[in-house]
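The same chain A turns up in both complexes below, where it pairs with chain B and then with chain C.
And now, the complex of A and B:
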């Protein structure tokens, strides 16, 4: 096997082009030894273009090479994309978070990858470049071809960064997961939401749950129920019921029975949306400039 | 398998080895450098027994391809012990605190526990009990002596502060 650590994007593109499809891009490499080793690897984890966390007026740009540890500690992400910071705190273990990257979390295409669930809830777009230097943007949820299989062909395309609209005043986001243990544990269900309030009315909502299909999945019925509504006492039972009813889940030896998963989906949907709403309210009332 | 020259810094010394870049850092340390303090537990990033520092951060060495450490600083349990020896002690105050607090039972998880908490104390010399628990959340102890480990780290933090311990060659960047 050959292993090339490249120091800039041109080198990465060149190395991939030279290998004629044999080489694959790798970043944190935390899942590398868990599958079959490709014959050639191009390590992009130190490419500066992939390491930025930058804010312009419209977007928060988070490099695909940013580690989970860095994202979880980033003041910008904690303030403007709270669900992502929370999700990154939950990935694997401190050791894994120190190596694993956000780009890898998405391109590895595990169906319940914490950061990916938060990115979809936040409405993040991925920016990719191919070997001809052609850039494209895609919604994160559109990058999944099947279970553990990404649309991104890592022998000929590089995920550069994620663009997400920072939460503004009146908006909030939240991430939750349920797992058998507090650390180093696969989630049975993970969930993230982003909501925007106008007055007391929900003006926008994205509610995402996993693993119920190859990609983090939006709860569209639950979103419809909430959109334009003023959350009241009876809302929460309906959210729980609708969320649990609208997804088709299987039981699995790896996680839990279908019945239990349905129950968890309802409960987590309620909790994450409430939490996101609380934050949306706080941001309206607080004078912190959010 | 195509072998490559990989130069990096190991416990403060520049080293060079000719190896398969797909070999894990864990096996590189144990088989090429005979540094047997780093343990192999699960071999798949779930137990933390193989924890070492790369550029000052705790990582599972079983998951790190050797090719990745080129030009970087790797720090192992032997480096921590050497810091103690350089100061005229038998071991580092953190290791001492583990022994004295009864935080070592079978001992297999201990090097990994020490490395994870060594990284913690470098970043945060006065951790709370919660922060200690967070720092060792990627390290399994099957003797289940977590409480004593937590106490050992808190005790070590006190001692390090009292001794004004400097990390001179900790690989921290």
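And now, the complex of A and C:
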């Protein structure tokens, strides 16, 4: 087995091209030993292009090589993409958060990946480059081919960064997870939402839940219910019911029954949307530009 | 000045000036220098691997090992036909080193291979061809009891490995005359001790037919005897030397006998040393978890809360082979009867074979499993009688001077004080809004008088070295519980010396005194008492030799040797004097502590232990009423372990034991899928992480025990016993409903709250 550490993007592309499909990109490598080891690995964890957390007027750009620990601690992300900071704080254990990267969390395509759920809720787009230097953009939720299988072929394509529209005044985001223990545990359900208010009316909403299918899943019925509404007490019961009803879930003898997971999805959907909404209200009133 | 200067371990002073790190293992562990079984290496060493049955129950029709021998690097391939394969067992002789004709669970050992490296050994396993004929398999112990059930062992019709019908007093009459009878059914899954270090060993058979096994065990002397007998070797030819033990929690009392026997056989066959180690997955699938239990229990009370009688029907799941499961079933089925004054008892207990992983023992010996059931039932009764669960317990709890319903002789007992203190510290009468509170009480033996009625005690040797330092030779075992720290304390106090002058020599069956091992809460109480007596004897011998040397009476006071004339004598002078005079002997004090015999009879009535430890734990929990999610805020652990000899060690036992009890109560448990362990990894077999551990407050009620050294009693096992029951009662207090099967997960709480299920 060969392991090549590259220090810039050109070297990474070159190393992948030379291996003719045998090499795989690796960054945090936290899940590497869970599967079969590929014959060649190209370590991109120190490529500077992948490490930035930058803000321009339209976008917050977060490098694919940013670790969960860095994302959770980043003032930019905590202020402009709070759900992502919350999700990153919950991943695995301190060791995993210090090594594992946001890009890996998405390309590894685990159906319960926390950061990916937040990224989809925030409407993040992934920026990728192939071996010919051609760039493309794709919505994060479109990067999933199947369970634990990404559309991104990491022998010939590199995920560079995520572009997020930063939350603005009147907007809020939130992430919640429900797991059998406090750390090192896959969630039974994880959920994230982004909500924008105009006055007291919900002007935009993205509500995402996992693990119910290969990719983090939008709760489109729940979103429809909320869009254009002024949430009142009776809304939340309907949110809970709609969210629980609109996804298919499976039970597992090691995690929980399908029935219980349905119940949790409803409760968590309501809680995280409410939390996002509270934050949207706060940002409106607080006037801190969130 | 030492020849090489190096950083000294920082010795913090603990309570009463006791040094914290007298345990010789601690510094090695902290610095990563500890040598465990898996670290051992010998020149020319081979690696052993085991081929295991993929079927839960199957006839082995044919084994072809030719392909394995063709794999380069393979030195030995053994099947049942290649060895004498003598039956052995700890209670029931139902095991053989390799499965002969029949495999009885997924993982049963069918063949063993030794090769120059692990890869070659693995390849050889793949090259062995076995023809199986699958047989009907049984996974549910109640099904195994049915008449039409397939018989798992030929000589065991009905699949009952062990059973017990017991009656004390007049239970039927007591139930008939009771004001209240409460009843319920509880179930507790199998749990694994989950020690951090998977079991590993190296067997070294030499040309003189000596067999030395390097492996960490809680009871190496007993294992040595089992191995000698199973391999038909003279006992004096077998020796066990222990590396540092990476945790045991009862799982390493006899460890994994299969591994020791097979590595020995491979070593005897090849003449090379053979290393074998279990993977974590093997630990779960072929290691020895504790029995699962189903308990149907009833209790009779008077209106005023007086306990009148209890009746239990208990079925424990043995798996395919027995190991210590009969003894665990016995403790599970009777120990809790002595927590309270219950004059009438009726118990039926049956240990049943199934085609699943064989079981053995775990810290607490099933006591904690039954405690969960009985303590839950007591709260049910309190609710029915509108009595405070604390007061109900105080009214009935066992007290010093009692002889309990099973004949346990309670010489010291501060259980009522423990209960009161636990309630006071948790805020029993000053409750936080929205929280649930529960309490549970437990007893545990402190050294067994009946495991071997003729061998009840312990012995130790204390030696004055030529440089004036002293060494304590002990066959007892340290595995993180602080036994050696306690021994150093005990010897130092007896001799009036600084603990730093004492060294422990241990873990070598050839040299150290024979011991029953680290089990039954016996290390500090029984082993420590022997150390105390050995140190007293050494003190006497030193004084005699010094008197002889100086020609005037010498006394050892405050760590110094002083003659009547006032002259001070150094210890090394006395050591040399004796050494020269005897041409090489050292001054050695031998101490043996032999507890008085028990009148324990064939109905199991009688005293079973030198003394008994008691505990009451209180839990404060919060339940998310929408999801069932449980947060354990606090566990208050109040203990009567007599006088606390080694306070830092005792504190560690509390934190570790409570955390394991939390795991037992809320997280752990085997899940089987048609006989296959479904959660055979630490990702799926969930033990609590640091984030799940609640605040743990502890308190010791220190009443000196008349038997233990300096009044000490055991702590290591009793500390886990009340935890699941206290949490279960707190959850019931918070939700108004009761989860009756462990572990208490969020989903089970949710289902009992909203679906009215008790055993979801």
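Everything that follows uses one rule, which is that the second predicted complex is superposed on the first by the 289 of 290 C-alpha atoms of A that agree within 3 Å, B and C clash if a C-alpha of one lies under 4 Å from a C-alpha of the other, contacts with A are read in each partner's own complex, and residues count from 1 in each chain.
Quick note on the criterion: contacts are C-beta pairs under 8 Å (C-beta built on N, C-alpha and C of every residue); 3 or more make two chains touch, one makes a residue touch a chain.
What you see is a predicted model, and the numbers here were worked out from it, not measured in a lab.
In the overlay built on the shared chain, the residue A:94 is in contact with chain B alone; chain C does not reach it. In the overlay built on the shared chain, the residue A:182 is in contact with chain B and with chain C.
In the superposition on chain A, A:267 makes contact with chain C only, while chain B stays out of contact range.
Shared-chain residue A:69: touches chain B; no touch with chain C. Touch counts on chain A: comparing chain C and chain B, the chain ahead is B.
When the shared chain is aligned, chain B comes close enough to touch A:30, but chain C does not.
Of the two partner chains placed by the overlay, neither chain B nor chain C lies in contact with A:200. When the two structures are aligned on the shared chain, A:257 is found in touch with chain C, with no touch to chain B. Residues 93, 182-184 of chain A are contacted both by chain B in one complex and by chain C in the other.
Interface residues of chain C facing chain A in the complex, by the touch rule stated above, are 626-627, 629, 667, 671, 673, 678-679, 683-684, 686, 688-692, 745-747, 750-751.
Remark: chain A residues 93, 178, 180-186, 253-254, 256-257, 260, 263-264, 267 touch chain C in the complex.
Only residues 1-5, 29-30, 32-34, 37, 41, 43, 45, 69, 92-96, 98-99, 182-184 of chain A touch chain B when the two sit together in their complex.
Residue ranges on chain B touching chain A, taken from their complex, read 1-2, 4, 20-22, 24, 43-46, 48, 51, 57-60, 62-68, 70-71, 116, 134-135, 137-140.
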